[in-house]
Structures are given as structure tokens and as C-alpha cells.
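Below you'll find the structures, each written out as C-alpha cells.
The following pair of complexes shares a single chain, chain A, combined with chain B in the former and chain C in the latter.
Then we have the complex of A and B:
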């Protein structure tokens, strides 16, 4: 291959990635840089700072480290991500993917039921769950538990974090299942047969063959789901607005509340920048883990 | 070391009969090869022996013990898969020792036995490697190691050499023969390659359409095929079959006239009647160039000649069917040239209209 041809090839490839670079620059990199800039000012939606925002250096960041609500929100987000995405969706998604590899009569129906929550717009989903979890005798869940003699509960007030975790698991199983299905189908049937000939029981097959060979898929899933769950806003905001008393104030909702309810754009931006850095760090961690194992 | 008996064994997938009542007996320590064209059911039969496919009907006995409903790992059978099916996340040593590890055998014992097997298969240098860092032949040996470490009663091979290049195949064939000699295990081997079948087998089972066409020693199959299918399947290039009719039977010799009009007189066929329709089977190697002054049995017009150096494949056409002669030595024969051929009459075969062999001396 001549050097000239190679150079032309390089330029053509650059040209091909130009559209996505433009989109990324406009809608990701520019806003992110702007948020970094805003986080260094006292930009606000009302008052004198709204007219003349001032450069305040790292003031917003020092404030953030002593802000108990920020740390509480971060902790809520941590538990939310851990129980809904990393444990709930993953375990149930993998279980349903394995179940749906078998042939049984209701398979298409079960498949549709698992995938359906993904097809519902998140605000609609939140409305459905609001009705499901409504307190008093009209709540669907209260009607169901009444069959077992349980008193009506105020689900979203008594167990707010648990409830949003349940709702998010419900919504995310489908995606986890699709990814796990693709991971499982990449494992050759002959390996399972070889393991059967070697005398492995179903539990040993899962632990010694399926799980290790699913590691790249698991990491990919964890990368995508952790980062996207940290960023969840609409579903939970529409259901609880972060309440009661901040019990479900995920970091995304906290950023929104600080920026648009407390009008402190600069401070909200600082929180957003911290979360961005954090997400990037997690992403890098997973990507590195993926590279080692693939 | 164990004997295998398959009695009226059948396999049905939905409405499709894949194996149609197969009877095969394989003796202790025998190297049996199942051979047949694609889709003949040979791999299915092997998987039924392994326990990976349920048996729909009939019985499979191993050393007299009924095995139909015994799980694969309890049969004492090991299998080498076509794609080797090595566990990609395990090292060579872990792959070989996996079955022992599952049984809870102490690590020290596993290490010792893996060491023994890997020494036998010359894999000591690769024990810490993962399968993807091995060549095809090495992977093959790991798969064999994984099978023999279990000290199985029977080892099954499912087209194990099909992924290797030609020279490696020759080498692995020799290694498999060596393995059979040293372990003395009963081996059942599936292939569609008849050279592998001929060189490895003590007994070849030729399958077609889910039925056994013939089971015998390789040379017996070659010399005395039971039917036209076996005659044409064993041997390369395949046996020529000329549509013909019995012209006359005189003194125990039958004069056979092909539809193309040429005749041969074959001794020993007493059961034939003039007018019977038959197929005359002549192997390409039983046709040779008639030398000058020698009487030619037939004269044919060449369509194509393929010069391989030590021999020449000569394609010709008779009564619309193409046929081939495999003549010794290098000959330059042009298309359209007429060529005199002599036939080794003692090696000719006759088959009836159903394709069954008519034997010499048969009454």
C-alpha cells in the first residue's frame, strides 16, 4: 500500500466520524465545559447574581463538601444503583434470559411481559406506579395485599427508597435480559455438552462454565447500567419529586432541585461536575476490567 | 475396554426418522468408524451413544448393561468434539483435569494425572496456556487428553480431524492409531472422509439415510461391497456403474452387455439368467491402458485427463454416463482421443436392480 493511499484512507476515515464528532461536541462536550465554567461562578436564576454572575473560584466545591444533603443524596444514589441496577436488574435479567432459552408454551408471552416496561415512556410508567402504590383503599397494591389480610400501606411514604428500587428493577429487567441473552448465545452449545460429559451438574455448569464466559457481557452491562442509573431522573422525579423529605432525592434530582428550585445554577453545576467525574471514573474502571478479560 | 451393542436403535426428531432401526456390534478394544455422506445420521448415532441425544427406540448395551436411560457422565464414555469444545477460560491443565476436579479428587492427584496425560500427548510445555494460544493440532491433543484422563470404557470421536490441514491430518491419524494401541480403548469414530475410515478402522460401519448399509473390515468393504452404495462410497474416485443386461450364461460365465454395447465375460456368476438387468461395477483402478499388441476390452473417447504425475485420471463417457479410469503412470491424453482400455475382469462387481451385490459362486 502506498503512503499516498494510506494518507487518503486516514482522511476518509476522519471524514466518516465527523458527523458524530460534531454532535458530541455540540451536545456533550460544550455543555459539559459550560457546566464546569458555571460551577466556578455564583450564577443564579434570581437576585443580583442572575444579572452579574461572579467568578467565585472553588467556593461551590468547598461548600459541597460540607453540605450534608449532597452526601445524603450521594448515599441514596449509591443504594439505588446497587440494589436496582447491579443486583436486581442483573440477577433477574440473567435469570429470565436463562429461563427464556428453554422452550415452553408461554415463552413469547413471558418475553413480552419482561420487555414491555421498556416500551412505556418513563413518565407514563411513573403515573402507572403512582396509581399502583397509591395509599388508601384505591391503591392497586393495597388491594392486592388486602387479599392476604395486610392493612393498607402508604407505600411511597413508608418505604420510599425500596419502592423506587422496585420500580426501577421492573423497568430495567428487559434491557438486562436482552444483553444477557446475547451473552449466553455466544457460548457454544458444545461446551455445555462437554461439561455434561465431564460430569458437571447444572449448578457446576452455571458456576464453572456459564458465569466465567459471561464475564465480558456482565461488565458491559454493569458499565452501561451503572452510569445510566446514576443519571436517572424522570422516572423517580415524576413519582416522588425526591420526597418525602429528600428520602428519594437521587443525585440527578438533587442537581435539578439546587439549580431550578433553589435557583443556584452555579452550585447545581458544581454537583453535576462532581457526578460527571465520578461517572467517568466508574466508566474507566469497567472499560479497563473489560480489556483485561476479553 | 468395552463392547457396544446397538439393537434396532432408532431416533425420531418430531415426524422425521433420523435413525431407522440400526443394529451394530462393536467388540472390546475395537476401532470402529461410522462413515457416510452428510445427513446420514452418523453424528446423531454417536451422540446417542454418548447420551447427549435421547434414544427413541431400541436398546444400547455397553458390556451387556442397558444404557438407554443412563446419564452421559455415568456411562463411562468420553467424547472428543468436532470443534474440540475446549473451555476457553481455562488453561490446558484445567481443561484436562476438569472432570476430576468436578468429582472432588484432591488437587495433588489431579496434578499428577494431568502430568501423566500431558506427557503422553506431549503437552507438558503448554499446561499453563489458554486454548486460544494453541495451534489446531495442540487443541486436538488437549481434547484427547480431556477424554483419556477419565480412563473411559469407550472414546467417541466426532469428525475430529475435519478442522485440521492436510499434513496435520496425516500426523494426527498416526497419533490416533498410536493412542488406540497404547490405551486399548474401544473407539467409535465418526467421519465423512473415507481415507480416515480406511486407515484407522478395524471395522467400518457405512451409514446412509439412517440405516447401516454394511459393517465390515475396511478391505472387505472395498473388495466385497454388499451393495452399490457401499461400492461407490468406499474408494476414490468412486466405482463406475454401467447399466447393463445379462446377454448369456455359458459354463458358469456370464456375458454382460452394457447399454453402450460393449461386452465383458465374468466367471463365477451362476445365478444369473439371460435378460436380467444389472449394474456392472468397475473401480477406476481396475481399468488400465491396453498396451500396443494387447487386446483392448473397450475403446473409449476421452473427455478429460488429469495428470497427477504417478497416475492419470481419465474421464470418458459411455451411454450418457461419465466414468473414470485411474491408470498408472503419466499419460498425455487429449480430449476426444480414442483410448483402448483393458478391464481387470476378476475385480468387476455386479449389482441387481435394487443395488444389492450379486456374488460370484452364489446359487
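Then we have the complex of A and C:
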């Protein structure tokens, strides 16, 4: 291959990715840079600071690190991501994928039931769950548990974080299952056959063959689900608006509340920049440290 | 060739000017919630005829909080509708200090309807420095609404309570006798501005320190009055007088106001004249038959003996500072102070018109639940506004949510309010 041809190829490839780069620059990189700039000002949506925002240096970041509500929100987000995305969706998604590899009578129905939450718009899903988890005699779940003699509960008040974790697991299993199914299908049947001929039991097959060969898929899933769960907003906002008393104020809702309820765009942007840095760090951890090809 | 280019340039210029002229003669008005949208739609032809300007009605999201957020993001970006309403005067002040609103002082004061405005409307719409950024539309007179029919059937007194202690004791006794929730004030975060405008403000104006805004414009949130109000709320929660579960839900007004009160499962709630039309009247999805007989009103008692009703401006109109044609928008704004528009809103939504001469309008006189309430307008009291008042409203919502959950006592709730407002506005704005 001549050097001239190689140069032409390089330029052609650059030209081909140009539209993507332009879109990325316009809708991702520029807003992110603008958020960094805004985070260094006292810009507000109302009042004098909206008319004449001032450069305040790192004041917003200093305030942020001493803001107990920010750290509380970050802690809530951590538990939410850990239990809903990393544990709940992953385990149940993998279990569903393994279950649906087998042939049984109701397989298409089970498949549809697991995938259905993904087809429902998140606000609709939230409204549905709000009705399900409503307190007193009005809640569907309270009516169900009443059959077993359980007193009506305030599900979204007494167990708010647990409830939004359950709702998010319900919504995310389908995606996890799809990814796990594709990972499982890439494992050769011959390996399973050989293991069975060597007398391996199902547990050994899972531990020695399935799990190790599924690691790239698992970490790809963890990368995508962790980052997208940190950024979750609509489902929880429509269900609880971050309440009661901030118990479900995930970091996305905290940013929204600071920017659009307290009208402090500068401070909200500082929180957003810190969260972006966290997400980038987590992404790099998955991609680099675990050497996963994405 | 030059002639050809010249012709093309001429055509493009003409088309551009024509488009500009067409745009200049269309004014976009934002409105939200179906009752208000219907009210405005009914009078748009009249406004177009009076001004010769086309009106485009733009429908915005329903809940006030989402409506204001959407407006703010558009206004901050230099876009948005030409004319819009704002839920409360505190927002008019916050928006005007941000430079989003056109000063209409001269237009409103020289407008031929100005003399017909109630004095309270003039006072509420005028800032401390004498400037006006909004056209009054409706006034709301708020007080306590009680189920007269249910109480009389149960043999419970419907006499006006004289002070807070008497009101609380009455509520405890009524609950013991009927088993129903007896007194509800909006509380919690999800009720948004209602926790302040439809509850906290009622009590504060009857407390030992009835104003938050000091003479120097600072906010006094550590006053005895604020603590007394949170103490009142604490008693409501401790004595289980109000339905806590629905107040913590995503749409907290739906169950207590639209289901429990009509069913007689809630005996007293704060409300405004709109409740006789929209919440439980002819425009309600769950109306109470013969509502003005079945539901009576009490003025809000003071902490010590005495009583008052709260009066406030409801959704006044303002002009976007970034509007393309300010003169056209001003012309339309003046036309929107008409009797017809106010009567249409009164009919659909239930607010009280801000003009006296509606009492000569036969269409308004047909709204029999509202007409007697017009007498209360000039007796009303109100809270003084200042920049940053929106943060107080949000702080009250957070503080009352803490009380609802039983996480804090009155002093703790006051601390939540002080901390939130100080964090949001800065220590220099808080006393």
C-alpha cells in the first residue's frame, strides 16, 4: 500500500467522522464547556444575578464541598446505583437471560413481560407506580397486601429509597437481559458439551465457563448502566420529586432543584460538573483498569 | 445580469419586510391549565378586534412550578412568549429584577381602566419604588371553607373561631365527634407555592409578627410569628387533624381537595373564591350540590382574638422584555385589562375580578357564588413582597414537609426555612 494511498485513506476516514464530531461538539462538548464556565459565575435565573452575573472563581465549588445536602444527594445516588443497577438489574437480567435460553411453554410471554417496562415512557411508568404505591386505601399495593392481613403502608414515605430502587430494577431488567443474552450467545456450545463430558455440574459450568466468558459483557453493561443510572431523572422526579424531605433526591434531581427551583444556575452547574467528573472517572475505571474493549 | 440580481434582491427584501411586518402584528400569549386556556380563548376575538393585532395563544404545562421553570428558561435565553401570566406577585418582582419584564408603569397608570381597579389591586401591583411590571387580572380572597351541611348534621358549631387556640380545639373536638379529618392547610414540597400562598401566609398575617419583609428589604425569618405559625402546624400534625399521606404524594391537592372534602371526609380547608367555581362548583369534576349552602366560609382567626381574610393578585399579566414589538404587546396588555376578560376568567376559574365596574356587568352578576365575596376584597390583608420571596416560598414548603414527616418540631422547621433561604439568597438578604 503506497504512502499516498494511506494518506488519502486517513483523510477520507477523518471526513467520514466529521459529521459525528460536529454533532458531538455542538450538543455535548460545547454545553459541557459552557457548564464549566457557568459554574465559575453566580448566574441565576431570577433577581439581579440573572441580569448581571459575576465571575466568582471557585466559590461555587467551595460551597459545594461544605453543602451537606450535596453529599447526602451523592450518597443517595450511590446506594441507588449500587442496588438498582449494579446488583438488582444485573443479577435479575442475567438470571432472566439464562432462563430464557431454555425452551419452555410460556417463554414468549415471560420474554414480553420482562421487556415491556422498556416500552413504557418513563413518566407513564412513574405515574403507574405512583398509583401502585399510593398510601392508605388508595394504593393498589396496599389493597394487595391487605389480602394477607398486612396493614396499609406509606410505601413512598416509609421506604422511599427502597421503592425507587425496586421501580428502577423493574424498568432496567429488560435492557440487562438483552445484553446478557447477546453475551451468552457468543459462548460456544462446544465448551458446555466438553464440560458436561468431563462431568462438570451446572454450578461448576456457570462458575468456570459462563461467568469468565461473560466478563466483557458484564463490564460493558456495568459501564453503560452505572453512568445512565447516575444521570437518571424523569422516572424518580415524576414519582417522588426527590421527596419526602429529600430522601430520594438523586444527584440529577438535586441539580434540577438547584437550577430551576432555587434558580441558582451557577451552583447547579458546579454540581453538574462534579457529577460529570465522577461519571468520567467511573467510565475510565471500567474501560481502562478492567481492559474492556468498548 | 445586474438587473436580474437587482430584481432578486428586491424580491427577497420585500418578502423579508413583509414577514417582519406580519410577525410584528402577532402577539403570542402564554397560558396554562385548561380552565384558564378556555377563559382566554373565549375573549381573544374581542382583543383582536379592539387592537387590530393577531393573538396566538401558546399552551404551557399545567402545574405552576413547571410552568414557571419553562418560562424562566425561555426568558433567560431571550426567547419566550410576548405576554404571560405569573402565578404570584413575588414572581413578578423576581422576574423584573432579572430584567425579564417590560416596565408598564406609564401605560397602566394612564389606562382608562386604572381608576376602576380596586385600591388593593393598585397597591399590590406597584413596587416599593412606584414602578409597575404587571397588569392586574384577578384578586383572590382566601379564607377557611367548611362543610356546613356535614357539621350541622353532626351537631357541631359552625360559629367563627376567635383565635388559633379556639380553632385547634374546635378541630380536635370535631374530629373526635365525626371521625373525619377536621382542618387542612397545604403543606409539603409537592404542593409547591401553595404551602406558602394557601397556608403559611394566612397564619403569619395573624401572628405576633405579621410580615417577613423588613423596612430595609431584608427577610426576617427568625421572628416569633414564624415560630408561632410552625407551632400551629405542629399541632395539626400531632393531633392527626389533617390527612398526611395524600399531602406527601406527587399531586397532594387531588385527594384532600377534590375527593375528601366533597365526600365530607375533610371538614375545613383553606381555599379561595375559586373553590366555589372550580374545585367544588359547577366547573368541578366532583361538584358539591348547592355548594354555597353546603360550604360556608370563616375568616382566618388571628393568634390572639381577631380575624382576617387574605387578598392577593392572581396571575397578573406581564410583557417579555425580549418581545419583538413592545408597542403591540403593550396595546394588547391594556386590552387584557377589560371587564370581559376578567369576567371570563371568573366564570372559568373562579377568581375575583380586579375591577369594581364588573359589578355592573350582567354576565358577572350571574356568577352568584362570587358576587358576595367581592365585599371582602377591601377588607383583606396581605404579605409585603420583596426580591427573593420565591425562595421563602420554597423554604416554607421544605419546612412543612419536615413537620408532616414528624422529623422536626416547630423550631426545627423554622431552622429549615432559615437555612434554605440563607443558602439560596445569601446571608446578606436575611435578617
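The definition used in the following text is that the second predicted complex is superposed on the first by the 289 of 294 C-alpha atoms of A that agree within 3 Å, B and C clash if a C-alpha of one lies under 4 Å from a C-alpha of the other, contacts with A are read in each partner's own complex, and residues count from 1 in each chain.
Going forward, contacts are C-beta pairs under 8 Å (C-beta built on N, C-alpha and C of every residue); 3 or more make two chains touch, one makes a residue touch a chain.
Since the model is a prediction, treat every value here as computed from it, not as a measurement.
Novice: In the superposed arrangement, which partner chain does A:274 touch: chain B (first), chain C (second), both, or neither?
Specialist: After superposing on A, A:274 lies clear of both chain B and chain C.
Novice: Taking the superposition as given, does A:48 touch the first partner, chain B, the second, chain C, both, or neither?
Specialist: It touches chain C, and chain B stays clear.
Novice: Check the residue A:81 against both partner chains and state whether it touches chain B (first), chain C (second), both, or neither.
Specialist: Once the two structures are laid over each other on A, A:81 reaches no partner at all.
Novice: Just checking: does A:196 make contact with chain B only, chain C only, both, or neither of them? Give me first, second, both or neither.
Specialist: A:196: touches chain B, not chain C.
Novice: Quick one: classify A:213 as touching chain B (first), chain C (second), both or neither.
Specialist: first
Novice: Which partner does A:188 contact after superposing on A: first (chain B), second (chain C), both, neither?
Specialist: In the superposition, A:188 contacts chain B only.
Novice: Given the superposition on chain A, which partner contacts more residues in chain A: chain B or chain C?
Specialist: Looking at chain B versus chain C, the one contacting more residues of chain A is C.
Novice: Using the touch rule from the top, collect the residues of chain A that touch chain C in their complex.
Specialist: 44-48, 50-51, 67, 130, 134-136, 138, 154, 156-157, 238-245, 260-265
Novice: Tell me, which parts of chain A touch chain B in their complex?
Specialist: Listed in rising order, the residues of chain A that touch chain B are 188, 190-191, 193-200, 204, 208-209, 212-213.
Novice: Along chain C, where are the residues that touch chain A in the complex?
Specialist: 65, 69, 72-73, 76, 91, 94-95, 97-100, 188-190, 245-246, 248-250, 255, 387-388, 390-391, 394, 398, 401-402, 404-405, 407, 423-424
Novice: Using the touch rule from the top, collect the residues of chain B that touch chain A in their complex.
Specialist: For this pair, the touching residues of chain B are 50-52, 71-73, 77-79, 81-83, 85-89, 98-99, 102-103, 146, 150.
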